[in-house]
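The data blocks that follow each hold one structure.
Two complexes follow with chain A in common, the first pairing it with chain B and the second with chain C.
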Partner chain A sequence: MRSAIHLAPAVVALTILGLAAPKLAALHAAETVDPAADARAFRNYFTGKFPKVKLEDFVNGPYSLNADMRRQWEEIEQFPPYEFSLDMGKEMFAKPFRNGKSYADCFPNQGIGIRQNYPYFDGNEGKVVTLELALNRCREANGEAPFSYVKDEMAALTAYMAFTSRGKPFDIKIPDDPRALAAYQNGKRYFYTRRGQLNFSCASCHVQEPGERIRAEVLAPALGILNAMPIYRSEWGGMGTVSRRFITCNIQTRGVPLDPQDDDYRDLEYYLSYVSNGLPISGPGARP
Partner chain B sequence: MTANPRKFILSVASALLLAAATQASAASSQADFRTAYAAAEAANGQAGALRNQWTATAAALAAAKKAADSGDFDQAVAASREAEALAKASILQATSEKTLWKNLEIR
Partner chain C sequence: MASTIRVRATSSGDTTEVQALIQHPMDSGFVKDAGGAIIPPHFIQQVTFEHDGKNVFVADWGAAVSKDPYVKFSFKGGSKGDDLKISWVDNKGATDTTTAKIQ
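And now, the complex of A and B:
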C-alpha cells in the first residue's frame, strides 16, 4: 500500500495527461521552429492573461501580480538583502587575478553593462555560453580555480554585472546557424517537458499558473523570469544563480537535477532569455 | 508508443499502480532482495540514460539497501519493488514526453 501511495501522484498526473493529450495534439500537429513568432506568442500570452500589468513589470515576478507582496517588496528594497552580495561582487570584479589580469579583460566593454547579451550562441564551440560559464572560463584561463555555479562568489559576480545592466533590455541573438536554432529548440523542449514524480514542467507553474499560490509562494510568470537573476531568496537564506534556480525547480518536482551548466540548462536559459527579449534587466533581485 | 497514447498511458499507469500495491509480502531471502534490487537498479539506469531519474526512486533504493543491511529482507524487497515501479514510471514519462511536451507550448 505504501508503494501505491508513493506512486499515486505520478499515476494520477500521467492519467490526466493521457486523457488530455489527444485533443491538444490535434491542435499542434505541424511543427516549425520560429523563435521570433514564439517570442511574440509568449509575450501576448502573458499580457493577455494579465492585461493590467505593464510589460516591463513582468521582470518583477510575483510582485507584478500580487499587490500585498509588492508593498512588502518595495519596503524591503529600501535595504535590499542582496546588497552585501552586490558589494562583494563589485570588489571581486575589480580585484586583479594573480597574473595581473582581471575579469574586465575577458569581456566586451570591460564587462560593464553587458549582462543583457548573455547567454549567447558561440559559433566556434557550437554551444550556448552563459554569463556564469563565461566567468568561470575567464578564471580558468587566468589560472584561477572555478567557482561553484550556484551561489556565493558566482552569485556576487553576476549580481554586480547585472546591476551594471539594470534597465537595459534583454538582447539575445539567435544567429543564422542551424546549431543555434537547435539549441533554442532544445531549451524550449526542456521548458515544456514534464519531469519528476510530480509530473511538472517549468511551464506547469510559470505558464499555466503564474499568480497562483503553490503552498505559501506566489508563482512568477515565465516572461521576464531571468531578468532579475541572480536573486536573494528568503527560502534559501542567501543568494542564488540561474543554475541554482533550475536545479531547485527540478528537485521540487522530485526529479534528479542535472549538473550546473549542463547543455540542457544552458539551452533552457537561452530559450527563456530570448523570449524575454526587450524586457529590462532588473537583477539582482529579491524573492520570498 | 501505441497508436492511442491515452489508452497506452492509462493501461501502463494502472498496471504499475496495481503491481506495486499488490506485491506479496511473504518471507523474503537475501537472494530475493538481490534480484529485486538489481531489477530496480537496471530500471533506474534506463531512466538515467533518458536523463529523467526521480529523487523518489533514489530514496526507495536507499531504503531497500538500509533494510537489507539490517537483515529485514521483506522490507528490502518491498522497497526494491517500489523503486523499480517508480523507475518504470519515470521511463514512461520520459518516453511519452518526447512528443507530448509540444501540447503545452504557447503558440
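And now, the complex of A and C:
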C-alpha cells in the first residue's frame, strides 16, 4: 500500500512525458485550417451515420430521418404554410423603394437564383456578409429603414430569394485571405463550443444526436440545416430566419443569445453553409 | 392585397376534394402581448364553401381554431371547370371571398 502511494508521482510523471509529444502534434494540426477537408469529414460523418439517406435529402432536416414525420410533411407540402410569406416576399421584392430603385438593383442577377452564394466573405469589409445583412444594407443604402432580422418582412424576402434558388447547390467560397479563414475558424469554434446552463453546443444536438428525439421534436442534422431557411415553424406559429434559428437555439440551451447578425453569428452561418456546400437550397421550409 | 384564401379543389369523378388555407390571426382574446395588454379577440366566425348555388360546407369557428387555419374536406358532385366560392366572416365583421376553379 505504502509503496503504491510512493510510486504514484512517478507514474504521473511518466504519463505526462508520454502524452506530451502527441499533444504537441495535435496542437500543430489545429493551427493549419483546411476547410475543404473539414467539409469532407463533416459530410462523411453524416453519410456514414445514415447510410440510407441520400445526400441531397439531408436538406429536409428531420424528415430525412423519420418516416412518420416525412409522411405528414409531404401532405403539408401540398399546401405549404410558408406560401403566404412567399407571396408577400415576391410582392415586396418587386415593389420599388421611394427613390425608384429596388432590391434587384442591389444584387447580382437581379437577386434571382443567388441564395446559394450567401453568406460570402467581403474582402473590403474584412467580414462575412449574410443575405439578411445584405438585404438590410440594401434598404439603408436606398434610404429605407432596416427590417427586424428575425421574422415577418425579412423572412418573406429571404423566402422569395431562396425559392428562386431552389435546387441550386450551396456554393460558399473561402477566398485566399487570412481573415476569411479566421472567420471560418471562428464559426467552427462557435459551433462546437458548449454554452448555456444546459452546457450544449450546437453540435451536441445537431451532430451527435440528429434523428433522436428531444421531447417531442426530432433533431435535424447539421448537414444541410441552413439550406431550408427561412422556415415556417409550427412552434413559432410563423416564419423565422437564420438569425431567429440561432437565437432560439441559444435560448433553448439556456444560454444568452447574441444580437442578430453579430459577428459570431455571421461566422457561424459562414461555417455551417460552407460545410453544406454541394447540397441544394430547399428553402423556404416547413418544420414542426 | 393578395387574397387571404388559398384553395385547391380537385375532382375525381364522383367527388371533389377541397383544401383551403386562410390567412387570419385567429386571436382568442385570452393572450397577452409583450407589454401585458390583452390582445382582443379576432377570429373567423363562419367559413362557407359554395358550389353551384348550394353550400357544400359551412363551418362555425371560434376562438379555439388556430392561426392561419387549414381545412380539408370532400363533397359529392362537382366536375372539372366548375366554380367553387369560398368566403369567411370574422367577429369584427371583416370578410373575404374568392372563387376557385375545380381541377
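Note that in this section the second predicted complex is superposed on the first by the 257 of 288 C-alpha atoms of A that agree within 3 Å, B and C clash if a C-alpha of one lies under 4 Å from a C-alpha of the other, contacts with A are read in each partner's own complex, and residues count from 1 in each chain.
Following the convention adopted for this analysis, a contact is a pair of C-beta atoms (placed from the backbone, for glycine too) under 8 Å apart; a residue touches a chain by one contact, two chains touch by 3 or more.
Since this is a predicted model, take the numbers as computed values, not measurements.
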Classify the contacts of A:Pro81 with the two partner chains as first (chain B alone), second (chain C alone), both, or neither.
second
Counting touched residues of chain A, say whether chain B or chain C comes out ahead.
B
Does the superposition put A:Arg195 against chain B (first), chain C (second), both, or neither?
first
Which partner chains sit in contact with A:Gly237 here, chain B, chain C, both or neither? Use first/second/both/neither.
second
Contacts of A:Glu91 with chain B and chain C, given as first, second, both or neither
second
Contact footprint of chain A on chain B as seen in their complex:
4-10, 13-14, 16-17, 20-21, 23, 51-56, 58, 60, 78, 81-82, 85-86, 89-90, 92-94, 96-97, 99-107
Chain B-touching residues of chain A, taken from the complex the two chains share:
1-4, 6-8, 10-11, 14-15, 17-22, 24-25, 27-28, 31, 38, 41-42, 45, 188-189, 192-197, 199, 201, 203-204, 207-208, 251, 254-256, 258, 264
If we count contacts the way the header does, which residues on chain C are in touch with chain A in the complex?
2, 6, 8, 19, 21, 23, 66-68, 70
Flag every residue of chain A that touches chain C in the complex, lowest number first.
78-79, 81, 83-84, 87-88, 91, 237-238
